[in-house]
Amino acid sequence: MTRRASVHRIAAAAPDDVSGIEAAIADGRIDPAGIVAIFGKTEGNGCVNDFARGFATQSLGLMLQRHMSAAEAHAVCLVMSGGTEGGMSPHWTVFERRGTDEAPPGAGPHGGALAIGRTRTPVLPFGDLGRVAEVDMVADGVRAAMADAGITDPADVHFVQIKCPLLTLQRIGEAEAKGETVVTRDTLKSMGLSRAASALGVAVALGEIGRDQISDDKIAANWSLWSGRASCSSGIELLDHEIVVLGTSPAWAGPLVIDHAVMADGIDVEPVRAALRRLGFAADGQLSPAERGRLVALLSKAEASHDGKIRGHRHTMLDDSDISATRHARAFVCGALAGLVGHAEIYVSGGAEHQGPDGGGPVAVIATRPG
Amino acid sequence: MTRRASVHRIAAAAPDDVSGIEAAIADGRIDPAGIVAIFGKTEGNGCVNDFARGFATQSLGLMLQRHMSAAEAHAVCLVMSGGTEGGMSPHWTVFERRGTDEAPPGAGPHGGALAIGRTRTPVLPFGDLGRVAEVDMVADGVRAAMADAGITDPADVHFVQIKCPLLTLQRIGEAEAKGETVVTRDTLKSMGLSRAASALGVAVALGEIGRDQISDDKIAANWSLWSGRASCSSGIELLDHEIVVLGTSPAWAGPLVIDHAVMADGIDVEPVRAALRRLGFAADGQLSPAERGRLVALLSKAEASHDGKIRGHRHTMLDDSDISATRHARAFVCGALAGLVGHAEIYVSGGAEHQGPDGGGPVAVIATRPG
Amino acid sequence: MTRRASVHRIAAAAPDDVSGIEAAIADGRIDPAGIVAIFGKTEGNGCVNDFARGFATQSLGLMLQRHMSAAEAHAVCLVMSGGTEGGMSPHWTVFERRGTDEAPPGAGPHGGALAIGRTRTPVLPFGDLGRVAEVDMVADGVRAAMADAGITDPADVHFVQIKCPLLTLQRIGEAEAKGETVVTRDTLKSMGLSRAASALGVAVALGEIGRDQISDDKIAANWSLWSGRASCSSGIELLDHEIVVLGTSPAWAGPLVIDHAVMADGIDVEPVRAALRRLGFAADGQLSPAERGRLVALLSKAEASHDGKIRGHRHTMLDDSDISATRHARAFVCGALAGLVGHAEIYVSGGAEHQGPDGGGPVAVIATRPG
Amino acid sequence: MTRRASVHRIAAAAPDDVSGIEAAIADGRIDPAGIVAIFGKTEGNGCVNDFARGFATQSLGLMLQRHMSAAEAHAVCLVMSGGTEGGMSPHWTVFERRGTDEAPPGAGPHGGALAIGRTRTPVLPFGDLGRVAEVDMVADGVRAAMADAGITDPADVHFVQIKCPLLTLQRIGEAEAKGETVVTRDTLKSMGLSRAASALGVAVALGEIGRDQISDDKIAANWSLWSGRASCSSGIELLDHEIVVLGTSPAWAGPLVIDHAVMADGIDVEPVRAALRRLGFAADGQLSPAERGRLVALLSKAEASHDGKIRGHRHTMLDDSDISATRHARAFVCGALAGLVGHAEIYVSGGAEHQGPDGGGPVAVIATRPG
């Protein structure tokens, strides 16, 4: 049977406000059985002590269990990205897929439809975290998720969202008890290393970087290596990797199309404009209110460039001891993207190791097919 | 003799880094005798305990006194706007004017040249702060600064920068000892009230609001009253108002032109694009590197909308107890504007009471005349 | 039957870490049926966007429902105080009461035992919030909770914890639709006003302030009016008031005793030392490790003095735009109290309107009976 | 001729408020010619972008130059410690020494008087920062400062204040251009590494640690190595080290005495109480108002323990991405010390790498000789 993907962008009044999703289920817009993943932009600080993410995850889990078994609820990939700085608006993006009788769209400039695949990798040995073994595990996972989506050509993949594990003091102890050495004993750093290895795994799977270019010492170190389609976040609640692949497939039906762009820095909106135009938007200046209605989701990564500059001008994000650089970067990049698309209910996530070039990041655009 | 305005945008490595200005004086790009005003984007928090502003002011004063008498140095209007959130780049904007033998530009689409006027008002009685008496005093001052610039038509004024006084506990005591009542005993609120009354003074002088529409109870209360060209900041170091008027005059020579726009909200960049186009920029998408070179200065105000929304989507700026809303707003609006003009060495100032509509703000563009 | 109170101080590894309570239930230290209240020190910012409190509340609710009906779980008073600044250690304090065959302790210097009473008031009309009507409602509630504890003499009450409602935009709308006027349209201010009125309600019930001294204009304004035993926090999740009274009663059995002190400012630890001595602690210098074991709970309020001074020296808490004054105050007062008692797993709560003198606050000490 | 030390504690209303020092000079309490050092507790964040320190330094320099030559002013050691969290009160501590005809005090329990020595080291090559070369340079400097104070026995040294350099991106560039490798490219970390190496230099000079115990990999890593008398802060404004030694000498006259203590953790006030008692204070409980007058200065270090615990209870300082751990620690330790001495105009400085045991720190007490 043909499959069809739906994406629902739903405002959240608080990290535990799942009422909008409940309402969409109640009135039939969402069939809970088809929910594959929920991405949340939640209003914490997006850093270590951001409990809004956990609160949102707990609240979504309770909501899902009102509609499915605990095991089914657990299978839904919940990716909470903390931090709605600047005018960014807290919201959920619900990814759903179901069978359909519709015919897939024919060939043409906007042929193919949004396809969604997902998988979970095996459990990652703690000693492998942040190392090439994690790169390889994630690359295998991305291939599996592509297969789940029915996508064979990596060029048809436009965004890969990964949720990857991190080290805790307890996990480090377990690894060391087995004689393994961990890549770092700094648990915060382990988050970045896991994201970094995961992003490189995406790059390998999509053919953006040759596997032979990657060695342990390049991970979270050589920023010239990056994927233009990876978006990774690390979480304490899992030991494996959850992988969601978003791409285009002629075998899927439905009104949704997707494309992506890579921002070279935090204000590099022209590649995003080009992606919008490939999806049929005029995108002269800011999206008009009419065009804005076609934009279903904008997913992006943001970070402060490590050289402390944007196009030669000094920025102060890395020197601000009152506000984390990731918070600055999200507010700023959200402003740049919102200036382009005309609203700020967009998903800008921080911590972009190997996810786009240093200071820039990948952006995915999901839209309804043009009239 | 014909006058000519120059505007120098100079990077600052720290609040006390005046080396770039010194270098420009040393090599003759700036004649210190002609310096009328220096606006600084300094990297503090832009709020109550932002000492970077005072540090910058002290450093600039010491620098000026190396080139002129203390009285002359004191006459230079120093406006320090704290907060370089997001990618905003700390910098000075030096406004200079001098006599010239050049002929003023003829008429035409970009006829007239940037004209700069300034004045200081009388000392403001503390009991008048934040009240219509301050509105009237500022309105008179704006008219005097217009006269100083040789501008007669308010339509030729594109930006008015005001530095206004605030209340301290000591000043409140002095006022009360004279039997005056002050508008507030909250010194932080007095900053906003002084900015608010000053902005309304600009609006009255420029004919944007009728004087009869303003009464004490409207000040910092009725946000439907606003100027599209006022930019006000309050400072502890003065008891009067410093006023700088930037406009267009056919009597001035030189390569600089100015226009302005009003953003209706924090992402409303299209009016700014229109202003750029009126100044001869193509501004299709982001400014090209070539066009970017013509952009001399971008001056704007930013604030979080009081209704907690941007185009219907909730923002969280007013609810964040970790980061001041003004810091969020500057980062976000800077992102939107930088996405348009292609760099972030721009002047985005917070605290926009009656300066543009609620959540939006005035923007001035200074550029060199097109080819 | 004689009643007996137990108080369990249990560390929390995160806002949703209820494992310590679960373990205590599993091994019989806590009988869930007897749980009256749980106070939580949770590690958010303690201000508007502190979602750790809600996360803790949801997690505790889920935990309780594993051991009792939803209605019974709902009846447990959950007071989450956000903010574990400085070295303050996140933890739960579980208040339990049950019947016992033990005889109450006889008279003597440490006669009587800890008694716990609780009640809920009627729903507060939104127009009454922050006004004398709320004072009266809370005073009645305190009397009811005293009766529930079997305490008749207000002098036997040592601490009253109140959880009170706040205004939201929706509630303001409902009130105004009925023709009521609310005390403020600023939802953040409504939190302080509700705490303020509740604290004065405690003071009236305990005879600390005459009812005739209180009028609407004194609430959150005249800081010379205060209770030495009130601790109030406002929460969005209730429309009435939850009231827990902690005191001494000769009719209760068990090893716990309680006393209280009032700190005149944030470093006024000597009254707390005196209270410790009344409970049989030597308290020469810091509590010795041996004595520390007898200290079951230390509950206190903290705030920055409104005059900006501590014993004549300027503090900067109210001028810091990066860190909320309440966060400064909790860290500081926790340091002072921890220096006295020798550990920092103590409950210091911010927002002390009319709860102790300006800049100071009430402190309750719960301990096991000496020797 | 006999020397005599004076120490003046003077409130500051802002980082540039030197009026209190000016007044003391004007009325003869301070002879500017004798000023050796000024320690400032200034109200910034105490971290990377704390410009209040530079503002204070510039303001003090201008003040000094009104009373002495620029070279003499430059020789005064200005140590600005940013961050007055909690109730800590911004103030200056002016150290002055001059010749006197007074006889030094005789032997006895409080024999000897406060002696002050100072020196500056050579300029530190950027590649040496945070390495044993910096340890050695500082150790030599401490010995030179001891000689300047006329102190020969390291046991007579009670506090060594060091101001050390840090790395900036520009300095890293200069070092790398010369083929040097720097210890870190993270400028914030360079502050801690420089403090760490400086503290170990003190420990070596005072014989607290054998030189052979120190290697590059121990610096900022092996927290079991520490000095009980070092207090180090890093600043952007110098390339060498300024060193001030405070100790006791029978050759100095005057009423001041000094002693020191080491806190084992942030609430370990009993060793400070013992030091107070050695200086003749009763110190039963909090210092009485009468005794408080004898306390001239309290200088201490504070930091969050790296194991995340205080006496077994978890603290959250290291996990708070909104407030730097150093800010938490200063507020907390200031509370503990202020609870002991009865006021908060004390000098608590953050960043205590190798300055006292992990989580604790050295404390110096300067007082007038008892009765």
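The letters A, B, C and D name the chains in turn, as written, and every chain counts its residues from 1.
Going forward, a contact is a pair of C-beta atoms (placed from the backbone, for glycine too) under 8 Å apart; a residue touches a chain by one contact, two chains touch by 3 or more.
Quick caveat, the model's predicted, so the values are computed rather than measured.
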| item | value |
| --- | --- |
| Minimum number of chain-to-chain contact steps, chain A to chain D | 1 |
| Winner on C-beta contact pairs when B-D is weighed against B-C | B-D |
| Most widely separated chain from chain C, with each centre as the mean of CA atoms | B |
| Distance from chain C to chain A - Cα centre to Cα centre, in angstrom | 42 |
| Chain centre separation (chain B, chain D; CA means) in Å | 42 |
| Centre-to-centre distance between chain C and chain B (centres being mean Cα positions), rounded to whole Å | 48 |
| Chain B, residues touching no fewer than two other chains | 43, 45, 49, 316, 319-320, 322 |
| Residues of chain D that touch chain B when the two form their complex | 14-16, 43-44, 49, 51-52, 54-55, 58-59, 62, 322 |
| Interface residues, chain C side, partner chain B - complex | 45, 47-50, 316, 319-322, 324 |
| Chain A-facing residues of chain B, complex | 11, 13, 43, 45, 84-91, 266-267, 269-270, 273, 284-286, 304, 310-317, 319-320, 322-323, 327-329, 331-340, 342-345 |
